[in-house]
């Protein structure tokens, strides 16, 4: 008698837990595939902005290697490189390097380098630059980042991979030099990395590190 | 135990104000004429007012008791002049409320015939302290320094007294009655002090006065030498308002702080005003109860500022007339000093025992208050507060009527000295906010006490009704039982019994409801029908 | 039925979750950077509110006090997770933008608040109406605030509509002011607080105007708003 | 005879809010002149625009609330808010920057809370912070501190056109007209691994702090000391602020003199002195107990150093002041002085 | 799916056990909040709040059944105090329940009183003295001013009069001028 | 160690839960009228938040992750939280009436405090370990408590201010909170990376 309420509590909680989790589990089973697909497509979409889908036909989403170079890639962590191939032939490598010295810390980039060493495109993945000043590096906010398309270490020459104020060819923003300076330097470094190690990249086996 | 300091301290906070005492000290102390009609309030002190002990039409002599007080904290009132009682009734008195209070009005016969008071005590210094206290009480002496607390009570602190402090600081600007007294009658003051010391059995005595009254200092010193008194010290304290506040003076002289909510007696100190001491000397030396006092009449609003010995009950207008009347600059009439006094609506009000000063001020001396602005929390008030309070916080919460918070910030340690309001750049009437909050809190406490009584009485009543109801039910049950046993025969009867029981239940419920207020007459008023909802 | 009208009025205005009860503030302030974000979360919350109100009203007589809250919470959490899963399956873009605030609908105080204050004491029909009214009221505040912040902050309206309505909606974005450099404050956290403060003040002004007009008609006081006394 | 009544005390008032505000404004003059000397006409435009719109905004709100306008404007507090905000703004900011900032300061930070005396936050600093987070670009438009003797890049007319129409004179771009302030460039260069001694050698560095800025700060210091002499402000806040800022800077500078700027640099650059004597001392939003003021000032000093050194903003007086404004009521609550006759605490 | 159900089900059952058990183990009676609320009510016992006395109203507030703005004798300050205790926003007195008036006491016109005792039965605090057919009087110190005795009196001999303000109970007024009380600041 | 300190500073100041992350706003607005109540709520929240941060970490690590039931996270976490809260309330009520006086009425409110569930979910998102979860929860709670108490201090002052009628009450409170969050913007960028 005294413990009947306990029993009722138990049964109640149990019942609702079972119904609730059953419902959710059912829902999960029905949507899991779709959700995974969504996640894949989200990444693909940002890659496709850099390398048109028509240019490659491998499963770029899983064709990844991880490389490490604190000097040139701006982070001691391994950096993922997505590899685009067409019929098995290398097309481009997409790096996710870091520009460590933005105005407010690191800026995470996505840099796509074609096999010939020209840039297919650059995007900013994440940053903490001052809104309204440093955030013009976002493609949504200004076309500045698009100016890198087609650039390479030959055009302009490495010593000109700087913002104009420092005697280079790239625009800085009014009132903000630090951010573009950091981005330009990071892209240049990525190109340098590619120059040094680029060809080996496509031979490595895809590997997952966590 | 407390010890006097060698060198008095500067009090913390406070203001250095222009003294403005010279004008009233130019002419010597003299007696004011006895007016034709004296209006003597029965409550001139802290505690319940006295009760009139004379009747209208009765003849009275100077010094005869006209109001008696039965309370321990209370003081009798005496006729300030001989004559006829022509009225006992409500007259306006000097009080910020402007309310009236019971007064005995005496038509003076101009002869000032003295009554035999039986207060005289030739060998007071050898008498039993209890005897002295009784005579001080009978003489109607209350503190002349400000609050008007019955002095006999303060002569009975209920513990050993180390130090008697005679407060002669007179820190408020304009007021000079104590200084005039000390210059004119040092022997009377000293006699009074010696009696008080004896009554209190105080080991040490000190007279504290501000260091800007050298004349008074000299007179007292000569007076002490004249009687060969060496035990009484005179210590000038720095001239800072409010150095004359009891707590501040004690701090300046001893370095001790009177505990919050406590009395000087907690430190073994008793503090009396010099005027009070003189009044004691007069009562016990000449048998004269407290029927007159020295009042400073000053300010640019009177023609001839001076100090007058005034009979209690003298209308202020007559005092002013004795000083050459108003000058044309007068705009404001104050009783007390410019920092703590109250402003009067009319000069028909009488002088009472605690009236130390009548200040007829010009517009330059006491201008109409500038419009108050919001507090900017500049903290100037806190810099000058001698109680180390945060007047801005007190104000903030008094303004918001947050009476809990305002007490958290120690409202009741405020001595209402007015320093804060004086320096406030926003011209906020800070002291009024504090007085408002204090009286409001007292009122709330009274209400709370009443509510507690009401709750108790209500609960008693509910209990009583409950008891009555149960008694009723018991009776009903007994009756029902009787019914059942009697008519147990048929089904119909059982039904009847059921109906009866139900009826009883309804009845019971009804009477239960009667336990709730207002259902004495369930369908009478809107109120009661709501109560039943 | 006037009872239902009263519930509707309560939810939409008199006892509005966001403006009066000040519940569900976290999503209200966090996701109202744009109109569309507000709309998305508002709809999700609306659905949750209706569903949980109905379920709780159904089971209200069965639950013991010591497990009442856990059970309510379980119900709400299940509903929310279902919604979360469907959103990530069918509105992935929006799901990403709203982020943690979708699972946090569970702790949106207004939902458990309504469960406790209303659904657990009323019939299914009334609970449903209440959930709908409250949810709609909340939704309206979300989109108003979102719209305002978006306009002031970046000079656009309906930006990001494609996240909800598909690629075709990309063109819906209205740019109200060209070359607007943006008043960033509105989008940043302080702007959210201040914006809601202004909305509440606006409601107060309207209420007072209404009161002045209908000076004598007194409305009954709103039901107590707190979850717990 | 009958007389008017009132509550005690009755003596003529010895202080007045309007006079207080006037004195603060006067004390700003040396600093403002110095600023003008180094940065040119833009300073004047800022002062005029900001003060004007502050006063107008105040009047407008008072009118809306149906309150008497004259006495409230007469206290001069709105004007002072406008002036203080203006002195913190970059001289080449477009006209709407001071206007918007002052209006926001007065309307949202001051009048919504009830006007003078009720605002928990320093209005001028609220205005400034709103501007710097919303319009960082316009808020970095500081010309080089060349000084009148070297001649400014822009004369009165050119400044006017730049501020009101955004038109730069032919030979210039906005970028060439402006440069980072010493605090800003020191911060970014330290971030780029320059050493402090290298930075000290740069032209932007003057005798002991930022070029030009050291004089401006000295002028504010002089004005502040005058205010203290006149008993408009008390010593606690400035002393605690400067002491804490100096001490923190010294500590780090001694620890690693290559990566951390010198105490003098911190004390005499940016808005330090303006902040210490004119802004942190705003009585309304500061702590009001004597001990509380020490904590309050020290808090601002330390926060300023922290944000300047590690945070996202080159100068942090405004943020630190607002952050400590936030804490002021709580500080007051916990730092009540011992009351006369009370034992401990 | 089965693991999901099982896992969560077990967890929930365990929790249920825990809570159910603690509900018994840590059972507590009584609710101190009622006393606290009752302490803030004026104890006029007038029933204007819609409840038969202050305590029932306190219980109703604690139970969430009544709002805090229904006690006219308590007035705005009473509501304020309740709001603070309960941590809710104060609101204006609900006019449905009456208006706040200043304190009053009942006075029985002793000439007219017929000694019917009806008022005695109505008085919630037994503040009326008298026996049947004898003249009644109100003990002014104990009268709460609740008004309840006025209506029952068949000869209308009871009058409510404002409590007199004496010097000793006089209150300093709230200062006038710029500083208006919070309650009546205009928009 | 410095990692943990960084988490602490970050959660208390830079990413303050209330003013920057927008979590736990309802109690922040609802029980901040007086410093005393705010302190009570702050204490209660600190306790529950830290405890439930740890508990939900355990639940995730040892129940959900091994079984691959991550999608049940929300349900499980909220269940854990509700039970922790309910249990705490009952225990406190019985064992310490005094503490219950202080915390009692706040405890039930905590279940629906977004910050509590938010911490649990963010722990997973940021892949915190056991100690990190504890510190993260504690830091979030301290940040919450800090701004809550300061906010209460300001609100007590503003309550007595001459605020325009339309803004009295929650409107001005929200604007005050807005200005607080404006001040907290100063901390942005304090922790790089």
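Chains here go by letter, A, B, C, D, E and F, matching the order in which they are written, and residues are numbered from 1 within each.
As a working rule, contacts are C-beta pairs under 8 Å (C-beta built on N, C-alpha and C of every residue); 3 or more make two chains touch, one makes a residue touch a chain.
Keep in mind that what you see is a predicted model, and the values were worked out from it rather than measured.
Student: On the document's contact criterion, could you list the chains that touch subunit A and likewise touch subunit C?
Tutor: Joint contacts, listed by label: D, E, F.
Student: Which chain is most central here if centres come from C-alpha coordinates alone?
Tutor: Central chain: F.
Student: Look at all chain centres (mean of CA atoms) and spot the one farthest from the centre of subunit A.
Tutor: B
Student: Farthest from subunit C by Cα centre, which chain is it? Let me know.
Tutor: B
Student: Between subunit D and subunit E, what is the separation of their C-alpha centroids in Å?
Tutor: 52
Student: So the centre of each chain is just the mean of its C-alpha atoms; given that, what is the distance between subunit A and subunit F in Å?
Tutor: 33
Student: How many angstrom lie between the CA centroids of subunit C and subunit E, rounded to a whole number?
Tutor: Here the centre of subunit E sits 36 Å away from the centre of subunit C.
Student: Taking the mean of the C-alpha atoms as each chain's centre, how many Å separate subunit A from subunit D?
Tutor: About 42 Å separates the centre of subunit A from that of subunit D.
Student: Mind pulling the residue numbers of subunit D that touch at least two other chains?
Tutor: 7, 65, 108, 114-115, 118, 130, 133-135, 137, 312, 332
Student: Which parts of subunit F, given as residue numbers and ranges, touch two or more other chains?
Tutor: As it turns out, subunit F has residues touching two or more other chains at 30, 71-72, 75, 79, 83, 86, 90, 105, 156-157, 160, 162, 164-167, 169-170, 172, 175, 179, 182, 184-185, 188-189.
Student: Please set out, as single numbers or ranges, the residues of subunit A touching at least two other chains.
Tutor: 5, 8-9, 12-13, 16-17, 20-21, 24-25, 28, 103-104, 128, 131-132
Student: Can you list the residues on subunit F that touch subunit C in the complex?
Tutor: 19-26, 28-30, 71-75, 78-79, 81-83, 85-86, 90, 105, 108-109, 111-114, 116-118, 121-122, 125, 165-175, 177-179, 181-182, 184-185
Student: Once bound in the complex, which stretches of subunit A touch subunit D?
Tutor: On the subunit A side, the touching residues are 101, 103-104, 128, 130-133, 165, 172-176, 178.
Student: Mind listing the subunit C positions that touch subunit E in their complex?
Tutor: 64-67, 70, 74, 208, 218, 221, 224-226, 229
Student: Taking the complex as given, what residues does subunit C use to touch subunit D?
Tutor: Within the complex, subunit C contacts subunit D at residues 181-185, 188, 190, 194.
Student: In the complex formed with subunit E, which residues of subunit F make contact?
Tutor: Interface residues on the subunit F side: 30-31, 33-34, 37, 59, 63-64, 67-69, 72, 75-76, 79, 83, 86-87, 90-91, 93-95, 97, 101, 105, 160, 162, 164-166, 169-170.
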